Every structure is written in structure tokens, then in C-alpha cells.
Amino acid sequence: AQDKGGGNDDKGFTAGLVTDTGGLNDESFNQTAWAGMKKAEKDLDVGIKALESKRDSEFVPNLTKFARENRDLIWGVGFKFEKAIPDVADQFKNNHFGIVDSNLGGKIPDNVVAVTFKEEEGSFLMGVIAGSMTKTNKVGFIGGVTSPLIKKFESGFTAGVRAANPKAEVKRVYAESFTDGAKGRSLASNLYNDGTDIIYHAAGGVGKGLFDEVKTRKKGKYWAIGVDMDQSRLAPDHTLSSMVKRVDVAVYDIMKEHKEGKFPGGKEVKLGLEDNGVTYADTTKKHVPEKVLKKVDEYRQQIIDGKIKVPATEAELKKFKP
Amino acid sequence: MIETLTNILQTTVLYATPLILTAMGGLFSERSGVVNIGLEGLMTIGAFTAAVTTLITHNPWIGLMAAMVAGILFAVPHAVASITFKADQVVSGVAINFLALGISVYLVKHLYEGAGQTPLIKDALHRLPIPGLDQIPVIGPAFFNAYPTTYLAILIVFVSYLVLYRTPFGMRLRAVGEHPRAAETTGVNVFRMRYAAVLISGALAGIGGAGLSIAIGSEFNQSTVAGQGFIALAALIFGKWHPFGALGASTFFGFAVALALTGQIFGLTAYVPSEVLSMLPYILTILALAGFVGRAEAPASIGKPYETGGR
Amino acid sequence: MQVLSKINKQSSFLTSLISVFLGLLVGAVMMMVAGYDPILAYTALFQSAFYQPYDIGETIRTITPLILTGLAVGLAFRTGLFNIGVEGQFIIGQLVAVIVALKLDLPPGLHAAVCVLAGAAGGALWAFLPGLLKAKRGVHEVITTIMLNFVALYASNAVIRVWLTSGADSTEKIPSSASIRWDAISQLFGNSRIHLGIVIALLAAFIMYYLLWRTTYGFELRAVGYNPLASEYAGMNVDRNVILSMMISGTFAGLAGASELLGTSGYLAIQGAYTGIGFDGIAVALLGANSPVGIILAASLFGILTYGGSSMEFAAGVPFEVIRVVFAAIILFVAANIVRWYMQRRKRKKVQQTNEKAVKTDD
Amino acid sequence: MNVVEMKGITKRFPGIVANDSIDLTVKKGEIHALLGENGAGKSTLMNILFGLYQPDEGEIRINERKAEITGPTVAGELGIGMVHQHFMLVDPFTVTENIILGAEPTRRGLVDRAKAEREVQEISDRYGLQVDPRARIRDISVGMQQRVEILKTLYRGADILIFDEPTAVLGPQEIDELCEIMKNLVQEGKTIIFITHKLKEIMRICDAVTIIRRGKHIGTVQTAETNENRLASMMVGREVTFDVDKKKAESGETVLEVRNLYVSDSRNVDAVRGLNLEVRAGEIVGLAGVDGNGQSELLEAITGLKKARKGHIFLHGKEITNQKPRAVTRSGVGHIPEDRHRRGLVLDFSIGENMVLQTYNQKPFAKGLTLRYPKIYEYATKLIKEFDVRTPDVHTPARALSGGNQQKGIIAREVDRDPEFLIAAQPTRGLDVGAIEFIHRRLIEQRDKGKAVLLMSLELDEIRKLSDRIAIIYEGQIAGWVDPATATEEEIGLLMAGSQSGAEVTP
């Protein structure tokens, strides 16, 4: 039933993917990364394999396993790998590694590439949608565990709302968990009861609670916005949009470059709106009116053109003037 | 203000429901003298079974029934080990927790192509408003527009009370937990009573778990239960092994969670880290225990395997 | 007449061995039912746990914290307490160790020692509260420790985010002066992350043995665990012993956290969920019959299954969770003591004749 | 008619034959005593009759019909009821609940409390067993608990009643009451099998006695044709002397002095109220009284196990009020506690470890923090030999010893520490005459060595036999002092019941 061990190892070029504790089918970045790997297997004839980590302490042995198999490119998906990747990369200087969602604090070894996304930019667009469409002038944000990564989503989103609708208020709450769906649901319910009509989340499994809640509410009045993948199928009639992170594209592209001998070692590959690394889901047009979509695209262009610098931290948000 | 109160009550009820059901399960088992650390696992298996059955049959009520049956089935090893084989009850309960999580995640992966969670359940249980009553301000939305599992939970509390304190079965069950030999000399079959009690605990914890996957949530994954079985156990002890006590303790805990969540909505996080708000329910529980509740009297024979005189 | 209710009386080695075998059998059946190849899976499991020096090193690293959390749970059990809070004490041990590692500047060796001790003290203090509440207010330690686990998790996250970093996901790496990794040994085991924690763990096992069965403190701790009223009559301070026992248990848990941090990870990250090492300690202690040697053996088994289990998933495609089932089955078999039960049934038939003889030779 | 006939009953436990081909025949309407030392096999035989154990061999006939008693339910159907040696009562339940347990009257599936209470009241009135149907077991006296046990059997319509050592836990007043009850029952057509270690009781109310020794049937005799001495020697297998030879006391200075002491009980009510007491060197002071008059609280206050609310306790003139138990022990107090299982022993420790329960951290048993087990076991071996504690070895868990031997162990431990002041609370409860004799001798020995001894017992005989002076405790005060040599049982009984001439009340 498992396809993760099924990769073909006889290929000339091989790659490995180590997941964090979310596992391969986390409906989030692990899963999208694996999708990119599978595309590479098909299109680029890459031998692929994946290892799921049960605990944080397994990152290192799992990466090491691949390194000892001499795989050409070894991926660690998630910012949690930011200590493990440099460690193992240092030991296996002849192998190449990739990390997603962290720039390793700027100290990137030569045999490592760091892929990061400008989540704030994508989230900004979600903010524009929410700000434009709120009827109550109250929108909500549910975060997972308070951390700089999630703060990027929060800051970008808030800035987007403010840009589109200065009168709107953004209620921001955290579940302090990435798994507690019930808590996500309660937070969502509380926010909606409080007058919020659109909620964006960056909270992994907690976000499922948001969709569970919004589904039970009046269509056309209450909305949710998804994250990482197109989440509209979780509540098709209530999902305005999703902020999509193209981890698959990034993983695929870098594998391709590496195969062609152009490994961007020691570099941070930062993907934003410009590179289509972050974007809004295709299903957005289903519920978002043309007019708003146009506005979104305008903002998108301004960000790409550098006319708007989207805040990625609380401090930058404070200084942000729409 | 009204909105806030409504919010707090609704969240309280939402959180308390699975705890109440599971604590009632624990109540039966522990009142009969069998410690049940395995509640967490029984909830897990209930949540899993409900999810999968509902996905297959598209009927959450069948899912609920199946969760109950699965809970009973998984209580069997605990009963056999701790009653027939006289194993240490804590040990066997811990094993149940491992077993339930292991089997359910194993099966999820096996059934759904290696996914860590079930697909989305489209036919989950919905809130069931009681016409008229649900319009009452504040309490209406919380108590009379709740999930079927909530109504079930309240019903089960009263039924549990009746059964345990008013029927011969309940009297014998409690007697077995206090002084099994005394019960045996009056012709009560200690083993049968304890088996019944442990299986009932499986049924109720199974329903409690089902609520997590097909009412409050709409999928099953390995963190669907995430410690709530342990909190239900705590609520049972906190509630001094009494149905209404456990109801109160579960509600108290739900209320503490609700306070913390509402605090966030009010923007308290500008002043205190949100982690501190998240701790609040647990700290409040400890304070309540230390301040007002104090010593709890466990059933006298709890944890002791019974050795009948005869064969 | 009181019925004997011994906590999982020291089962014979044979019983454990047969139980392990039966447990693996249960796992095999599960795999076969689901269409996997159990032989392939188990071969992968055991091979990868011992395949190369690196694997052996990593297996030992996996075992290390399990011994310590197992001891923590076991010691509490021995003194009549159920410490479900080992997970929380573990987290605090990690936290305190990383704080001292990052904030203090001390010479190598000394720095590491101070960090280890600080982590141990952190665990002890975190266990002090449930001990105190139990002794003074009669609050059941099971509730308080469950609650404090959650508090520890959130507290650790808050401290990392607000104090140790300016809002980052994880702390800096600890300076090498605070590390308990020993390069020479690490190289011996193929550069694995084996570290001195294993020495600490074995030492702790010996300390548990010596403390409980060879010292006057241990005499008191055990007496209070078995019969608080008689202990009070004999002049022992029951409250103090309850608190002390929780604190020693917490010390072991804190040591587990500290050694995991200073030896294995070297940093502390914000966590959305428990590590599970503390809860695994409960299973380890119970399987090890709460005895130091038993705990070392049980932790080793658990460690091998855990580390090798990942590779099994890798090689045979079998979901790792089957390992949890195997482990649960082993615990059940050992607890129910099926072997002893079977032998007793056979013995009971012989009792008759034996007794008649015994009576004739009786004075 | 023979209501009970047990023939050739054999019951083996691992390592022992508890009943070795025992015969027992009981006639309708008689009170039949079962006599034997501790561990002789009496309870086992009765448990077989009651269906708790299955005999390995032998035959049982009830009402002249062969019976297969596979469980208590079957016994109940055959009209057999049993009042167990250790009460089979559920503490948090009410009297009524305990009585109806397993045979509950119901209405629409629920327990019919009103009806049950009515029935209980009726039966208790009929047989003169006064109980409060609604009281909780944990709140009522031992005597009443026993009546509840009896009611339990009557409620189930038992005609054959087994009483296993019912008097061991009762005071003299309650014993009298119980004897009345038993006579009543027999008059109502019931048959009674009565286990006791007290020969006087047998002679007083029983018609016949069956004696067993080490699991074997020794004989059955009519009380009218025997006497206490003959019974005792049949039971033990040798001559037993009942009189303790005791020299006149040579009492010296005051060792213990209690002044105006107040102690509250677990419910925070004063159980000891302004009590004064004095025990001198070289004397045994007997503390007589009906259970629950503050005896336990007094002893616990002296030994530091309970806080005194007011008043003073002096030992050799030095104040020890509210000191920690350890300090009290160290200042020279020995204590044989009332409840050996709860207080006296750590049942899961070896008997050897129990021998040093207070002294484990002193030389030579410990050196610094390290225990020296060789020394501990050496010492324990010596004590075990000296005090004739029957145990396979010092490593045997205390739990595995019989009650008598457990008690001997405690006495060995307390006496060997050579305390200036020894408290002995119920030192012989439930023990056979052999063991009692031994323990009595030890207590007198202590006295003769010039130690002060305070003996608390619910058994008046024991108090009278051993004491040099008797203090009667009533409602938390010493109601009066009497001289055992001259006082009559009536006098003491009156004082214990609280009715006395005003002159005798201590100010």
C-alpha cells in the first residue's frame, strides 16, 4: 500500500526526502514536497525514497541513512531541520542537501541549498481578499504555535487587510498547537460569534477545526481561508481562497538544476509571488468576485514590482503603511 | 457581553462533552475496582472506528454505534488481563493505550494509502437545535443547540447515577469495588461484575472518542485524542468517583479552556504570551484541587486483583 | 484477609523472553493480515538496529533517555506513587539544561556537568509541586502530574520564544563546552550521536538500586510506599518521604531531558506536542517490573524496536505503528504472566501428592 | 435431627493441609462450638460449609440430604449464613444496603429502599438486634456492625448460622448482648456454629464442642460433660495453665503522667476530654473501657501519632506533648499498636526488616546512610528465636505469617528495645491460648524488670489478670480506678457503662 519505499534505486540520480513528524501525508508541506519528488521521478528519471521521522531526534539518523546510501540530493522538509541539516551536511561533505522553510540563519554550507518562501506575500493577498469582502469589518487569523514562521503569515495577512480596508479589525489568536483540531474549532467558533466573518489560518491540523466550524454556518456569510495547499475541498461552499505554497515546484526545480550540474549550493532560494512560489489557489474565483480578484492581482503586481514591501514580522508590521 | 458569555458556555460544552462521556466510562470501571488508565486508548479506538465506519456507511449514527462496539472489544484485553489473569491494572491499561494508538494509526495508513489521517468525513454529526429552547439567550446556543453527543453525555450522566446508585446492578458493582469478598459472600459474582464494568467503560469511552472524530472534528488522526483520555481520568478523580462530581469536573475543565480562549479573542495576548493563556486550564485545575477539593476517597479495593476463595 | 496484590511480581527471564516472542508473533500476524512480509520486516528491523557501528551507536542513543524515564516512573512506583508527569519533568530538564548551557560561560567539562545537574534539579523541582500537594493537601498525583505536563510544554515554548530567543523557533546550538558528546566514542560508533548520557543512565540505575535497597532513605521510601500508617508509627516522616520520592523521580526525568539535550539535539525547539519519551518511560518501567536491571533491559528492547522500526518501514513498507502494537502485546503478555499461569495450572494438579508428603515430614 | 453433617473433609492449600479428614455433626437447635488454635483450620472448614472453598475430599449433608455447596449462593439456598471473622461489610454503604446486597428487593428495576428498610427494621425487631437501618457502616460501632452481619444472614432466611470468632472484637457488654442474641436465635429454631478462642464463652452458651488441631479432628464433647481445662488441653495437646503467676508489684516512681488531656478524633470531636492518668515504674496499669471511649486517641496522643489539643504528657517528668513519634520512641516508649496490619507492620517487608522498623537508621543496622543487612538479619534471627516467632526465615514477608506470629514479632521488636514505658494495645486479640499465654508472660516480665506498662484491652479478663491497677475510661475521661484483686466484675462493668457513684469520678 505504500509508495514511499517503492522508488526505483537503480536510477543514476537519486534523491531522498526526510519528513518531519507530520509524515508524508500531512496535507501540507511534506505532502507537496513528496509530490515534487514524484514528478521528478517521472519527468527527470530520479530515484526517490522517503523516510518519515517519528520524533525530532530521528532527523539526524534519517538524513544519515540517505547520506550513507550516497544519495545525490537529500531533503529535509520543515524549519525543524535547521539544526540537523548543517550537522549532517558537515559530516557528509560530498552529498548535497536541501532544506525547506529555513535559511539556516544565513549560514548555509556549500553543499546545502535553503528554500524559503515569502509566506507574507501570499498571506498579504489573502488579507486583501478578506479585507475587501468582510461585511462586519472584523476578520480573524488563527495561528498554530507562536513562532517566527507563523508570524510571517500573520503579519502579511494583517497588512493585506489594512491595505484593502483600513476600517477592518484583525483578531489574531493562537492555538499553541498544530494538531488540536477541537481547539481550532473553538477558536473559530468564538471568533465568528464575536462578529468575525472571515478567518484565515496558518495552523496545520488545527485549521481543520476552522473548516469544521465554518461548514456548520450560514453559507455566503461566514468564510474560511486555507493555507499551504488548496483547502477548498474541506468546505467547498465556505472557502474563499487558500494561500498555496509551491513546495513541489521548488523541490522539483532544484532537483532539475542539480541534475544539470547547477546546484545552487550555499544559497538561499527565496520564492515569492514573483516566482509563483506562493500564490492563491485556482478555486479562488469560485466565491471571490471578479472585482476583488482584480484588486488582488493589482496588489500582486505592486509587490512583485517592489512598490509594496510586505512586513514579515510584528516589528515590520508596526511600521507598515499601506 | 452576551456574545462573550455565549462563547464561553458553548466552548465549555464543546470541550466537556467527550470528557464527560469518557469519565463516565472510567467511573464504571473504577467503581468496580479496576483502574482504567486505558481510557485514552479506548477513546482513540472509538474515534478511529467512528471515523472509518462513517466514511464507509455515510451514516454517523452507525459510526457512533460501531465506536461503542469497538470500545467494548478493546476493553476486553484489559478485562482479561487485569481480572482473569490478575495482571497489574495500570500495566494493562498502559498497554491498551499503546495497542489502540498503534492499531488505529496502522489501519489508517493501511486503508488510506499511507496517509496519517482519514479522509474528510462529509457525513459528520451536526448540531441538533432543540426548537424553541435554542432561542433562549446565552444558554440556548450552548445547551440547546449542541451536538447529539452532548445530549447523550448529559443523559448518560443521569443514567449512570441511576444505575450505580439505584439499581441492584449498581449496588453490586460498587460493592465489588469496595469489598469484593463481602460482595462474593452475598452471592455476587465479582468477576462478572468487573467484566461488565470494564466493558461498559469501553463502550462509553468509545462514544466519547467518537465525538472527537465525527462531531467536533471530521477526521481521525493520531492526535485526535491527544491526552483527553488522561484529562477524563483526572476529571474522574477530581470528581471523587461520582457521576455528578465527574460531570462538574469535566465542565470545570471545559470552562477553564473557554476562559483561556476568550482571553485570546479579547486580545489578552498583547499583555501575556499566548502560551501562558494556554496553560490556564491546567493551572486552574491544580489550584481548584489544592484549594477546595483536596483529598479524594477512592473505592477501597481499586487496583487490587481479586482472588476468589474457591476455584 | 488481604489478597496479595503485588505490582507485577518480578517475572522470570523466561517469561519475558516468551512474551517478547509472542509479541513479535502478534506483530507478524498483523502484518500478514495486511499483506506485508513479516520476515522481511523483522529482518530489516533487527539488521538496521545493529547493522553498522553507526546504527549501534544510534540504538544506544535511543535507549539512553528511555532508561532514565523508565527509572523515574519505576522509582515512583516503588514508593507507592504514579508519576505520569515524567514527560513534563523531562521537558523542564531540557529547558533548564539549555538555559544554563547558553547563559553560563564555564570551562568545558565543568560546564557540561553544571548543565546536567541543573537539568536534574529542574526535573526535581517540577516534581516537587505534585509531591507537596499530595503530602499536604492530599491531591492525587496523577491529576497534578497530567496537568503539569501541559504546563511544562507551554512554559518551555514561551521561554524559548520570549526569553531565550527574540521570537525564534529554536534556540542557538549549545556551546561545545556544555556538550556531553565525546568525539572519540562517537567516532568509534561511526560518528553517531551516542553520548555520555548512557553512562549517566547506567549510573542512575545503580543509584536507584543502591538508594532503595541499601540505604536508610530507601528503607523509608519503600516503607512509606507500602504502608504509610505503619511508617508514621515507626517514626518516619511520611509527607517528607512522599515529596522526596517525587523529587528523586523528577531528578531522573530531568536527567533524561538534560542528557537528551546536551548529548543528542544540542538545542531546544518550540514543540507543538509531547516528545513521548516520558510516556514511553511508563511502559518501560512496567515491563521492567520497576527494577533497575529490568528497566535497562526493557529500555533496550524498546529502543531497538523504535530505532529499527523506522528502517522496517523503509525496507518493507510496513507502517511503523506495528511496533507499538508489538510493544503493547509484550506488555500485556508479561503483565498477565501467561507463562506462570500455564505452569501453575500444571503444578496445581501435582499439589495433591506433594502436600501429602510435606505433611508427613512436617515436624 | 442433624442439620449439618460434614464427613471426612479434606482441604489442601499449597504447602499445607488445612483440613485433614475432619468430621463435624451439628444437631438442630444447638449452639455448637468449634475450638482450635490459630491456624487449626476452623475458618477453612466453615468457608467450605459456606461454599467459599471447595473441599478436596469429603461429603457434606445438610438437613440429612447430600449437598454440593459450590458457592455462597448455594449455601444461602440451603439456609446457611455466615458471620465472618473479618467483617464482610461495605464501609460506605448503609446498614440496609449491606443487608440486602445480592438479594435486593426492587420496584420497576430500581432498588426499593423503603421496602428494604421496613424489612430490616422488622427482622431486627423480631430478634432483638438493634440497628439503625440508615446509618453508614463506617459510622457505627463494631458491636452494631456485627449485628448487621447477623441480620444479613437472617434477611436471607438462614437457619444455620456460622459465627467465626464474633467475640474477638467485642467488649464485655457487647459479648453479653451477643450471647443473648444467640440464645434468642436458637429459641427461634436456628442452629448455630460458633468459633471462639474463649473457653468461658463456650462453657456458658454452647451445647457441644468440636475440637480440631492442626487440621485434624480431635473430638466432639458435650459442654455439660467437660470443663475449661480439659478443653484447653485437648485443643493444644498439652496441659495449659491459665493463671499467670505474678509477684506483687513493686511500683516505683512515676514514669508516665497525663494531665488534663484533650484529643479530638478523626471527625474533630473531642474523644479525650480532660483526662488524667499516671503509670509508675514496675506496674501494669490496665485501661478498661467499652470500645470508642477515647482509648485509641489517648494512646495515639501519647505516642505522637495524634496531636493533643490541650493538656500535657510527661515521661519521667519531661514533657513529650505533641512530639514527633520518633522523638517519643527515642525517649523510651514502646508501643504494641492496636491494629497490627495497619500500624504495626509493613506487610510487604520481610519479617527481618520489620524487626528494625524504628531502628534501621541506628547502629549497628546502619553505617552512615548505608544499611547493613547482615546485621539486621542477624538481629532479627535472634529475636525470632527468642520470641518463638514461627516463620520459615527472616526473609519471609510479614504478610505470610499468621496473625499470632505477626503479633509475636511486634512484641519482640517493642520489648527488645527495652523501653522504660510500654504501651500494649489489644496485644492478644484473635490469638489462641498458647500465644496469649506467651504474650502475657512477656508483659509481666517487663513489669518485673521495673518497667511501666500501660495495657489497653477490651477483654476484661485479660485486664484483671495482668493489671496491678485498673483505670476505667469512659467518654474520654478516667471514670475511676479499681483494684483488680478486690473489684468485682459488676463494679467494673458499671463504671464502664458510665453509671457510678459521684465520688469515684476523677475531678
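The letters A, B, C and D name the chains in turn, as written, and every chain counts its residues from 1.
Keep this in mind: a contact is a pair of C-beta atoms (placed from the backbone, for glycine too) under 8 Å apart; a residue touches a chain by one contact, two chains touch by 3 or more.
Computed from a predicted structure; not experimentally measured.
Novice: Work out which chains are contact partners of both chain B and chain D.
Specialist: C
Novice: What pair of chains is linked by the most C-beta contacts?
Specialist: Greatest count of contact pairs is found between chains B-C.
Novice: From chain C, which chain is the farthest off, judged by mean CA positions?
Specialist: It is D whose centre lies farthest from that of chain C.
Novice: Hey, how far is the Cα centre of chain A from the one of chain B, in Å?
Specialist: 35
Novice: Can you compute the centre-to-centre distance for chain A and chain D, using the mean CA position of each chain? Integer Å is fine.
Specialist: 76
Novice: From the C-alpha centre of chain B to that of chain C, how far is it in Å?
Specialist: Whole-Å distance between the two chain centres: 27.
Novice: Of all residues in chain C, which are in touch with two or more distinct other chains?
Specialist: 1, 4, 34, 154, 157, 161, 273, 319
Novice: Counting only residues that touch at least two other chains, what does the list for chain B look like?
Specialist: 109-110, 114, 181, 223, 226, 273, 275, 278
Novice: How do the chains pair up in terms of touching? List each pair.
Specialist: Here the touching pairs of chains are A-B, A-C, B-C, B-D, C-D.
Novice: Using the touch definition from the top, list the residues of chain B that touch chain C in their complex.
Specialist: Counting only chain B, the residues touching chain C are 77, 80-81, 85, 87-88, 90-92, 94-99, 101-103, 105-106, 109-110, 114, 181, 223, 226-227, 230-231, 233-234, 237-238, 273, 275-276, 278-279, 281-283, 285-286, 289-290, 293-296, 303-307.
Novice: How about chain B: which of its residues touch chain A in the complex?
Specialist: Residue list for chain B touching chain A: 3-4, 6-7, 10-11, 14-15, 109-110, 112-117, 120, 124, 126-127, 212, 216-219, 221, 223-224, 226, 257-258, 261-262, 264-265, 267, 269, 273-275, 278.
Novice: Quick one: in the complex, what on chain D touches chain C?
Specialist: Going by the criterion above, the answer is residues 12, 14-17, 20, 56, 86, 303, 305, 324-327, 329-330, 335, 337, 341-349, 353, 357-358, 360-361, 366, 369-371, 399.
Novice: Quick one: which bits of chain C touch chain A in the complex? Just the residue numbers, please.
Specialist: 34-35, 52, 54, 58, 61-62, 154, 157, 161, 167-170, 173, 191-193, 260, 264-267, 269-273, 275-277, 306-307, 310-311, 313-317, 319-320
Novice: Per the contact definition, I'd like the list of chain D residues that touch chain B in the complex.
Specialist: Residues 47, 50-54, 70-73, 76, 82, 84, 87-93, 97-98, 101-104, 106, 109-111, 152.
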